[in-house]
Each structure stands twice: as structure tokens, then as C-alpha cells.
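One chain, chain A, links the two complexes that follow: it is found with chain B in the first and with chain C in the second.
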Partner chain A sequence: MSTTFLPCGEYHQNYHEDHAWWQTRFIKGKMIALMLMLFIGIPYVADEYWLSVCNQIGYTALGALGVQLLIGFCGQVTLGHAAFLAVGAYTSTLLILEFPWPKLLLDLGLAYPLSIFIAAVAAGIWSVIFGLPSAKVKGFYLILTTMAAQFITVDFVITQYISQIGGRGQAFSLPPGTIKIGPWVIDSDLKIYYMMIALVIVLTAAVLNLLRSRVGRAWVAIRDNDISAEVMGINVVQYKLFAFFVAGFIGGVAGAFWISNLAAISPEHFPWFWSLWLVGVILIGGVGSIHGTIFGSIFMVVVMELLQMAVIPLAASYPKLLMDFLFIKEAAFGLAICAFMIFEPNGLAYRWWQTKNYFNLWPFSY
Partner chain B sequence: MPHGDKTIAAAESQKAEISRELTIPKLFYQQAKRYGKDRVAMREKEFGIWRPITWQGYFETVKYIALGLIKLGLQEGDKVAMIGDNRPEGLMAEMAALCSRGVGVWLFQDCLMDEVRYIVDHSDAKFLVGEGQEEVDKALSIMKDCPKLKKIIYDDPKGLRHYQQDCLISLREVQQLGRELEKEKPSLFDELIQKGHGEEIALLFYTSGTTALPKGALLSHHNMLSMGQHLMEIDPCQEADDYVSYLPFAWIGEQMMSISCGLQIGYTLNFPEGPETSQENIREIGPHVMFAPPRMYEQMTRTVQVKYLDASWLKRMFFKFATWVGYHYADLKFSKKGVPLHWRLLHGIAYATLQKKLKDHLGMSRVRNAYTGGAAMGPDHFRFFHSLGVNLKQIYGQTEVAGISVVHRSGDIKFDTVGHPIPGTEVRINEEGEILTRSPSVFKGYYKNPEATQKTLKDGWLYSGDKGFLDDDGHLVVFDRTKDVFTLKDGRPFAPQYLETRLKFSPYIKDAWVIGDRRDFLSAVMCIDYSVVSNWADQRKLNYTSYQELSQMPEVYELLEKQIRQANKDLPDVAKIRKFTNLYKEFDADDDELTRTRKLRRAFVEKRYKEIVEALYSKKESVHIDTLIKYEDGRQAHIVTDMRIISIPE
Partner chain C sequence: MGGAAAVQESDVILELKDVAMYFGKVAALAGASLRVRRGEIHSVIGPNGAGKTVMMNCISGLYRPQKGEIHFKGERVNDVRPYERAVRGMSRTFQKVEVFGGMTVLDNIRLGRHIHLKSGILSGSIYAGKTAREEIENRQFIEEEIIDLLEIEHIRHKPVGMLPYGLQKRVELGRALALKPDLLILDEPLAGLNLEETEDMARFVLDVNEDPRWNITCLLVEHDMGVVMDLSHRVFVLNFGNMIMDGTPQEVQNNPEVIKAYLGEEDLYATRR
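Take a look at the complex of A and B:
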């Protein structure tokens, strides 16, 4: 993380101020404006469709946050993150559908919130199990072991066994009214939107806080050079596994959140492609940057929506386009990754940083 | 030039005079009791944060150092020499020396051994407070030549573990001695402070000496305090203000801001991390008041000019527009005729798009008053700062009046004058055109030098040795040192520093030395600014290995010729530079070419570079140099080079 650019006349007399997030009145104002926009502006302006796009962005961001933590801050490349989203989603669903909740909790509407937490812990533990190989293997080999997580979890365990629980067949459908936080039944895009914003803010803040603590510094040390990190007295295995736990935990929350948006969940919601997609999101947003996670999510979701808007009018004359849209989407994804790797390997976050610098250094260049 | 015995005195102040009884320690005592733990007296940047020191903390440290000095044998009137960077401990040591009824003597941190020896010996200093190993080494090596020096006190113990000399003691130990003494005599410190009288000597200040060995000016408590009071009457500061102390304490201007004014107002002094970071640290603090010699402002201007050259096209266009507006706006304000509405609007745009940000970069967004003094500042630099909207004012003064005597008033600024005298000060021009000053701040005389005192102090008037005159608005115009004023070919007097400061507005020129007293034409010896010119040369893919080589490249000569032609513009023919050469090195205070405050020692350089001066006034096209130069670390180098001489025809 770069240090804040402070205007002339702003200085710190103690480390508490020096490490504060929002150090100047200008930044505080900016953040308040951002909050107003998120909580009042967007819900006021956006229609159902755009709210659902926002929800898609939030879901992508929550998923990518864990990937960012593993790849961008701890240097552990993962290609199986959708597995932990699936664990979160299925744990939460099963808890809601099958668990004999005491009546009191059900009446208070705590079943879903509690299930999110349990799902997150379960996903975290599941993630640690697949993180175990990272104690031994690195780089390319680790990528393959994380891919194993995807296939073992989703294609084998969930499809073959979990989905059979309760004899419903492939998909679990959630009856209306079961997704409920306290007195609020989450039944509209607007309510999902508010839940999404709250989760994104809380989890982003939690990760940012972790990153500026001893734990975060240890992760970055491991990312930059694991041998030096070990020499400096960092327990590399322990911190790597903790990174896997936190990433899995966030993934679990994301999965458990997403069931609110799905009428029915099935293994197809968590394909291997989705794991790859999340890595693409952080590559485009910027590896090693929390801003990048958000920018990448916005970019990917919005670009795909725009692509869809472009395809629909053309479909009248070329009906095949609509049929092949899934493949067009994948091709666009590939192209975007290629373009970013070539033209902006540091991602959108770097562009953001450059833009800020352009104005901070105004009227000079350095 | 209007001569005559015209006297001007500022309107008498309304506020009560600082009484003759008041001393700096008494005032310090009052202020420390008043502010206590609630207000921050100083801050020092350390490990990335501005560590605050409250008045209470300041007071206690000073108290224990003062008592410690007493315990070590400090008697009334003993001199305490101090050397080191600007740090809270330096100021605390000075305050402690004054509180224990001693006299403070500051040395420039970069003083060479001979200078330290001369000043320590001449001032009869009994103690020397140094910052760390470097200062301790200097002090130890002169110890045998200065028998009166008893103890060397250091603050930073780094590297001193194996120093076993008995005369060494750390500031911590001194404070410990002070604590012990306090237990024996708890009221001693208060008694010491109450004993003082304003007319007693507080500081012994060595003047930079452009012409001879440094002279020690004796300044009383009242000198210092009345000067500060009068300046603050014109431009009041507030308790909540910030000031950055980064210029040497051995310079009277810094004493004036840190002690004379700082103590009276109670504003916070901020000390930078180190000398290298001072510019960056100033930007962080954003002081409300600034006082620096012109070279600091020249450096800022140069930084801006160089960065401007490297900026992108769009940014340059904005810059051009904003400076064009800024200059015009400043000129309108100078002329005091009022600013038309459309210029105000344009100025608003220029301010919003550029000037605000530029001031932020320079650390000047909060500056209420910026002063420059100690040497002449070129009108171009002066206008540059006003075009940004910085309220820069010229100051005229000298060590002998405890700082300053004449200053611009807000809203009444002319860039070729230094303004009106401060309250309580009278300024007069005598028949010879010399500037005379009389005020409560005029010093008590030179230490152990009655002849010089007699020459400078007559009937309470201070003879400055500067030539000047009063213009039609009663502003004082300082021409130059009397000894330095040239007579041109047509018999007119001419101030070489005027031309030199004009030349220095070019970012490529660091120093200039104009020659031509009673000669057919003027010529100049230039020192290029290495960092700027080397950057310029890199962009043109010119090869060079050293300052010496770069300075002698034909392309660099062409570049400088352009700059000189620019400076020559609008000058009468006789005052134009006709020939110049680039010196193979920079002027340096360690070679005695400059004073410690970076004023050119004209008589010395004329002697040292006799052959260059001769060549400039002969038909030669180059001058052969074969000389030894001394580096700062004491190494010597043999230099053989040919300096080209370029004529600038009409």
C-alpha cells in the first residue's frame, strides 16, 4: 500500500494518526460522499436491472477478495476458489433447509445470519485442508493442487453426495421467506443490494486491517521471498494456512450471501471457469491491491453486460450470436486478460494510482 | 541619488515596551508556566512522526541542563559555545546557558577546524556543547589551543563509546548533575532567573565577515527582545502558528525567529529530520511564517523552473497561463491602483488551477508572511513569489541590531526597496550615503575589539557600512556594501549584486561574480548549477565526467551566453556584461570564497582569481589554470584546465 499524499500543513504527531485510514479532511469528505452514493444514490437511481448488476459486482468482489489475499498478498496462486464459494453456499443452504433450528432463533430471523457464519468457518476449514500442500509445494505445482480442490469439492463431493441429501436431486430450491435477517425477508434486489454493500464494506475493512497488522506484514514477506521470511522468524506454514483460512472464510461468506440471489442452487453455479474468472478479475484490477479487486469486479461485470447489450440488437440479423453468447463471453474474457497483460500488467489499480499522482504532482511531473 | 540628512522613524508603538528588566530566561519562565503541558513548544521529526515537546518538558530539560552547567562550574558571564544542527537539544542548551547566567556563542555547523578554534579561543568559551561525534572530534582537536575550554558536552552518543577523555560529558549526565543540585538547593534555578537584567549580555554573535576575520557582536537580552517585539507589532504571529527552524542557529535571523519572536508569541518551533530533508519537512508543516536568506528562495525558484522544463505540454500551458496572470496581478497590486474585476477573475482561475497547488508543493500554502534578508534578492525572484500570492517581504538588518531594522509592510511592497524601519527604529543616511540605524536593539559593541566598536557605534548610531538611499515614498533602498560599489565607465555608481541576483534568476546559474570597478566594461565569472546543467546536458546527449568538464563545454558556454543576454536586457550599455567565463568549480565557503551565509567575499576572490580577472581584460581567448583544490573531507586535487573567455558583442 502506498503512503497517503498529504497536503502541506498536515502532519502527524503520533503513530496512531500516521496509520489512520482517512488522514485528511478531503479524504474523509470523499469517503462520506462515497457512502452516501452507495447507500442512497445508487438505490435511488438504479432500476431492478442495474441493481442486479451491482449485486453481481459485489458477489464477484467478495469472491475475488479472497483470491486477491492469497495471490496478491501471500503469493499463493489458487485456481480453485469457486470450491469454497460452493462450500459456503451449500453449508448455508443445508443449514437452512435441514437443520432443526430452535423456534426462538427462527422467530428472531437468526437462522440465515448464523448459517452464513457457520458456512464461512466451514469453507475456511475446507480451504485449509486444500492449503496443506502449500507447505511443501510452490508456484506451478500449487496451482495444480488448488485445481484439485475444485474438482474434488464441486465435481465429486457436492455433485455426487451433497446434492443427494434430502433426495431432491440436482438442485436445492429455497422456499420464499427462508432467507431472512431478523425481521427482514430478503426478497428483492434492493434488499440483496443493501446486504451486499454491508458485507463488502465489512469484509474489505477487515482484510485491510489484517493487512496492516503483523499478520499482513508476514503475508507480504512470504509473498516477496518466503526463504527470507522464514529466516526473519516468520512461521511460513502457519501464516500460509491462515491465509487459506481467511480466503476460504471470505469465500464462504460470498457463497452464503449468493444463495439469497438464487432461487435454487446447483453445482453448475460454481464451475471451474468461475475460479479462473476470479483470478482474471484480480489480474485486470491489479494484483496486490484491494482497490484493484473492486475495480476488476466492476470492469468485468460491466464489460460483460455491455457486451450482452451489444449482442442483443445484433441477434435479430445474426441469431447465432445469441446462441453462442456464452462462448463470446469467454472469448472476451480471454481477450481482456491478454490485452491487460500486454498493455497494463499492473492492472486498473495502477492506472488509478497514476491518475491520482497526476493531480497530486500537478503542475509538475515529479 | 537623494543624499542628505533625512531621518525617518516609524510611528511609536501603542503597546507597552518590553521592560528593561526583562530577560530571555524570565520570559521563558513566564511562558513555560503559562503554557505548561497544554501547548507544544517544539516538534522534531523523528522516525516518521513529528514528536511533540510541551512547554513543561522544554522547561524541565532546560532547568536541569542549566543547573548541571552550574554544577560543572559555570560562573556568571562565562561563554558557552554551541555547534550542531537544528535540534530541540541545541535550543535547550542555549536557553540553559542563558538561564544559568552564561552567554551563548553559536558556531556554524560546517565550520572548519580553524574557524572553530578562532571563535572558541576568541570568545573564551568555557563549555562547548556539540551534537555528536563530529563536533566532539572538532572540539577535542582544538582543546590544546584553547586553554579556557573546560568541558565538551555532547548529545548524541553514537560512535563515542570508546572516547575516554575526562573533559567529555553527555547532556544526559549534565541533566543528572542538575537533578542532584536541585535536591540540594531547590530554589536555585528560580533565584538565578530572577537575578538577571535586560541590559546584560545574552549572546555573543560572530558576524560572517565578508572582509575580515569574524567579529563578535555582544547582544543583550533587551536587544533581542525589543527587536522581536517590534517585528511582531507589524506582523503579529499567533500562538497556534508553526515555524520551521532549519537555518543555522549561528545566523541571527534564526535566533530572531526562534528566540526573539518565538518566545514572545509562543508559536511552535518545528525541527526537521535532518538538513537534507528540510525542504520536504517544511512542506509537511506548512509554516505560517518564514525567514530565510535569498538563496533558499532562489533554490525554490530554481526547483520550480527545472520541474517546469520537465513537465508535460498541458501542464506547461497551465503554468504559463497562471504565471502570466500572476505577474500581471502582482504588478497591479504593487502599483496600488486597485485590480480590475476581470483580472480578479483571471487570478481566481489561475489560483484554482495552479497557484494553490504550486504553493502546496513549496510548503507555502499557509504562509502569512515570508521574509528574506541577509543578502540582496533579485527583483525577478521577488516578483516570482508575489506572482504566486506569497506575501514575501524584504528585510534589512544585521547582527549588530539583533536581526532586523527595516522591513516591508503588507500592501506597501516595492521589489527594489526594503521598506520602512520597524517601530522604535530610526534610519538615517549620512553625507557619504551610508545607512545609519538607532534603536533599542543596537548592540553593545564588539567583544575584545574596541577599535571596531568605535568605528561602528557613534553616539548610539550604528554605522552599517552599507550604501543606500531613501526613495520618494520613504522606502529604504540598499545599494550594496560601500566597499563593493562599482564606479562605471561613465562615472555612475553601480551595485554588482544587482546584476548578480538578476543572473541567478536563470536556473542554470548557481553563482555569479561580476567584475568591472573602474574598468572599460563589465565582465562576469559564472558558476553553473551542476544538477540543472547536467540534466540539460543529458537530454542533449553531451558527454562529461565532472563539474569541471561540464562547465567548459562549448554548448554550456552557449547556454550561459543566452542567459547573460537575457539579464543584460533593459540595462544601460555601460552596465552590460561584455565578457564572461565559466569557473571550473563552485564557490565554496570552505575555500573562503563565500561567507558561511553564502555571501561572496569579493576582495578574496579577486585576489585568488587574479589571473582570470587579468585575462578577462586582455585580448586572450582562454586562461590556463593549474591549481590545487581542497575537498570538504580534506583531500586535495590538482586541477589543470583551460577556461574559455567569451565576448558578448552588442
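Take a look at the complex of A and C:
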């Protein structure tokens, strides 16, 4: 962020300008154009189907943001992030369905927003519990303890116990009209889209701000060199747990957001493969880059949708393709990760940076 | 040597009492006692494998000695965690540079200010008001006091991992200075530097030691005898975990045991590159 190229004749005169997000008028213009596109352009152009694809992208990005924070910025490899999404989704659902909300809050439509916040905190705390082993173990060993989070949370606690609440069997159904924010009942892809955009912007901005302040620097320091981080006055265990908390918090928000898109919620929405998928997203997007989270989510979701579009017409002559679509999807996922690891290990974000620099420095790109 | 006994207790910033550290049956440090007085540059010399770095790691808390006591500013710090020692005013650099390679120079030095900043998760994620002001004040301190002193203005936005070794060493010193410590442990700050960089680095060490704005006590581990004898107020000689002597540079140079163990017979200044 700090290596923004300033155009000729533009200088920073104080530190405040040098710390700003958008440092030149051109960048400000670009960001305003991006906002206009997100808030007006896409909803205007896209039909219901593409809006739902956008929502999928947003959900993936929110989930991957927490993974990016843990793996890309704090160096704590995690393979059980879907567990915290599940905790968020289930806490929010249970609060909406079972909690005796005061009439006033229900009328104001605050039940769902409040439940998102509580769900996020719950997921954060749950994440800290599974982050505790990070005090002692690193690398491969930590992968195993975070995988334990997945199996303990989703396959054991949620499937065996939480799902039995209310005696309805496996899934909690969310009747239409229960998901309500203020005066709006979230019942169309467009409304979900706006909610998604707001959440993605707020949480991404929060993580970016963290990364340029004290806490985020401590995380990156732990990633780069935990011994010297400790000597420099950072309580390493505490900051690792902070990272787990924030990642779990974001995961909880993502899970609680996603129930607005579901008619019923069951443990099958949070399989272990989804945890792996989120790691794949950041590998493709670029580890250690917030841009990478977004690019990776767009890439993965759009590629899978295109794959589906390609398969459906072919299915008339090869019906097996449609039957085995799940395998095709997984194979494509594996292939994409392999291809990126070999040809662009720094991910899409690096390509983006290179392209941007090419134009910034043009015609003297050396 | 008589001077050491006459030292006032309040003058001593760091004291090691019979500190021993064993790895299995190897005594890396076999009962070393050391007193570092406020405002001095105290060097530790000795042949390779003498236990100098082990001693530094014991002082900064990365190792816990099995025997002996370490007192920092009059308090026993044996059981104090490394980050807590940093808060109490201890800072160090490493023999093999341990910078945060993925961060920029500025961020590395900013990280050194960690203990002086206050923002937490919530205030940091909002980054308004107090946090933003704190970051700007912090930046001003770094720019005016550290980057200016170390002459690294031109690389402040470069990732440290991409810099040459000499500059990485300088950034590491900057990061250690950012803590505004009372005691700075320099573990071979000159290793691998060329003549010009060595001169610069020696100048920086003298600056932070003598400048009243810094006034940092330095504990210096170094092999470059020319620099050690020129800079230090006192020299501590270590051999195979045992202390040989602790005295002024002149006393050390004339001590026959030190000459036998480490310095060698020939003229000292011949060892200078």
C-alpha cells in the first residue's frame, strides 16, 4: 500500500496524506467508479441469476477473508474455517427461531442484525478455543488441530446435538419473513446483494485498517519471524489468539449472512471440503493480500459457474457429465490450484499488481 | 578491576550472577557473572562457540538459564517472558538478521514501537481519531529520530527481504532503537559488513550511546577487535562458557590468558579487515 506511485507534481506535505488510503485524485476517482458499479451498475445490469452468483462470491470472500487473515497475515495455517461459519450460521438461526425477542426489537427488525453480531462473537470465541493449540504447535501440526475444529464442531456437536433442538430432525427451516433488517424483509437476491456488499466493504475495510495499525503489524511480524516478534515486545500467544478471534468473528458474520440466502440450514452446508475450498481461494488469489481474497473468490465462483454452463448443454449427449458434476467440480478445483502453484505461485493479486504497475510506469516500465 | 567493586548499585542496569546454561551435558555457559553499568558500552568477546550468543539469549529471555540469576534494573528477571523484558526496556538485534522480510522498512520500525502504542482490535479496525493520531505521531518519531539517524530514507517503503545484507542490519538496529530501550543488546552488529558499513555502524552505536536524547547502554558482542577496543568502556572475555576476565580494553589486551585464548600474539590491529 505504501508504494503508491505519485504522478509528477503531486507531493505529500504531511504524514496524514502519506497514511491515507486513496492518495491521488486518480485513485479516488477509480474507487468512486468502483462503488458506483457495485451499488448501481451491477444491480441494474445483472439478472437474478447473476446476482445470486455475486452473492456466492461475497459469501466466499467473507469466508476467505478470515482464512486470509490467519494464513496470509498471521501465518497460522487453518483447515477448519467452515466450522466457524457453521457456528455463526447456527447461532444466528437459533437466536432468530428460539430466542424470545422483545416485541419492540422484532417490530424494529433488529433481531437479525443483533443475531449476526452475537453469532460473530460466538464464532470468534469458539475460534479462540481451537486457536489455543497455536501457542505450542506450528505448521503441519496446527493444520491438524484446526481440522479437529471442523470435525468436532460440525460433524459432532452440530450434527449430533444442536440439530436435535426443537426435534425437527436434521435441518432448521427458516420460514419466509424471519430474516428481516429494519423495515426490509430479506427475500430477494437483490436485497441479499446489498447486504452482502455492505458486509464485504465494512469487514474488508476493518481488516485493512487493522493491518496498518498496531495489531495487524504484530500479526505480520509473527508470520515473518515469531522469535524476533517476541523480543520486540509482542505477546505472541495473545496476538495469535487475537487473530483467531478476528478470523472467527468474520467467519461468524459470513455464516450468519448466508442464512439469509437459505431456506433451511443443515450441517451439510458446512462440509470439510468448504474449509479446503476457502484455503484454495486464497492460494489462487494470492496469500497475504486482501485483493487476493476478492480476486480468488471471483475466480473460483465464476469458473465453477462457467463450468456448469459448459456441462449443461453437453449433458444432452453425455448424461454422465451431469451425474458426475460434483467430481468434475472437485477436479477443476484441484487443477486450478495446481496450475496456480506452478505458473503463478503469488496468485492473481500479483498479476494484478504487475499489470497495474505496467500501466503506471508506461512507457518506461523498468 | 578495583573499579568494578566500587560501582554503586544504582549504576548497574544489568547484572548476571553465576549464570549457567547447559544443553544436555554441554555447558554452554558455566557460571558467568557480569555487571553492566548505565551509559556504558560493554563488550563481550571470545572465540567461536564461547557462549556469547547463549549469554545474550539468556539475557533477552529466549533461553532460561538453569542456574544463576539475572537482574535488570535491580529486579530479578529470570522468569520474565521476553516480550515483558522488552516492555521493561530491553531490546536487541540478532547475529543472523531476524527482520520481518515481508514488511517494509517503515513497518519494521513501526513494529518496534509496538510497546509504546495503545490501539487494540476495535480501535485499530476503525482507525479514526486517537488511533490515526497515534500513528502519525509515531511516524513522526520514526522519521525524525530513527530513519534520519540511520540514513535509510531512500528505502523506507521497500520490503526488507529485498534489501542487501548491510541495509537489513541497519533496519534491524532501527527496529531495536524504536523501542527506545535502556539496554540495547547488539549481537555481532558488524558481522558480514564491509569496511564502510562497519564504520557507519560503529558511528551509530556511539551516537545512540552518547547522544543525550538516546543515552542507551549497549551490550556489544563482536569479533572485530579494532572496533571493540575503540568503542567499549569495558570488555568481558568468555571462553568455553567460562569467564576469563572483565576489565577495560587496555587490561584485556595485556592479559596473557586472553591473548592465549583468543587475541593471539600478533598485533591487534592486524586482525582488522
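Some points to look at:
Criterion: the second predicted complex is superposed on the first by the 364 of 366 C-alpha atoms of A that agree within 3 Å, B and C clash if a C-alpha of one lies under 4 Å from a C-alpha of the other, contacts with A are read in each partner's own complex, and residues count from 1 in each chain.
The rule is short, and it goes like this: a residue touches a chain if its C-beta (ideal position, glycine included) is under 8 Å from a C-beta of that chain, and two chains touch if they have at least 3 such contacts.
Quick caveat, the model's predicted, so the values are computed rather than measured.
When the shared chain is aligned, chain C comes close enough to touch A:215, but chain B does not. Of the two partner chains, chain C is the only one that A:227 touches; chain B does not reach it.
Residue contacts after overlaying the shared chain place A:139 against neither chain B nor chain C. Once chain A of one complex is fitted onto chain A of the other, the partner contacts of A:100 are absent, as it touches neither chain B nor chain C. Shared-chain residue A:6: touches chain B; no touch with chain C.
Contact with chain C, but none with chain B, is seen for A:246 once the two complexes are overlaid on the shared chain. Looking at the shared chain after the overlay, A:15 reaches both chain B and chain C. In the superposed model, A:313 makes contact with neither chain B nor chain C.
Measured by the number of chain A residues touched, the leading partner among chain B and chain C is C.
By the document's definition of touching, neither partner reaches A:177: not chain B, not chain C.
Once both structures are placed on chain A, chain A residues 15, 18 are touched by chain B and, in the other complex, by chain C.
On chain A, the positions that touch chain B within their shared complex are 6-15, 17-18, 362-366. Listed in rising order, the residues of chain C touching chain A in the complex are 60-62, 81-83, 86-87, 91-92, 94, 98-104, 106-107, 110-112, 114-115, 117-121, 123-127, 131-132, 135-136, 139-140, 143, 157, 175-176, 179. For chain A in complex with chain C, the residues that touch the partner chain are 2-3, 15-16, 18-19, 206-207, 209-210, 212-218, 220-221, 223-225, 227-236, 242, 245-246, 288. On the side of chain B, the complex with chain A involves touching residues 40, 43, 48-52, 242, 283-286, 307-308, 310-312, 315-316, 318-319, 322, 354, 357-361, 363-366.
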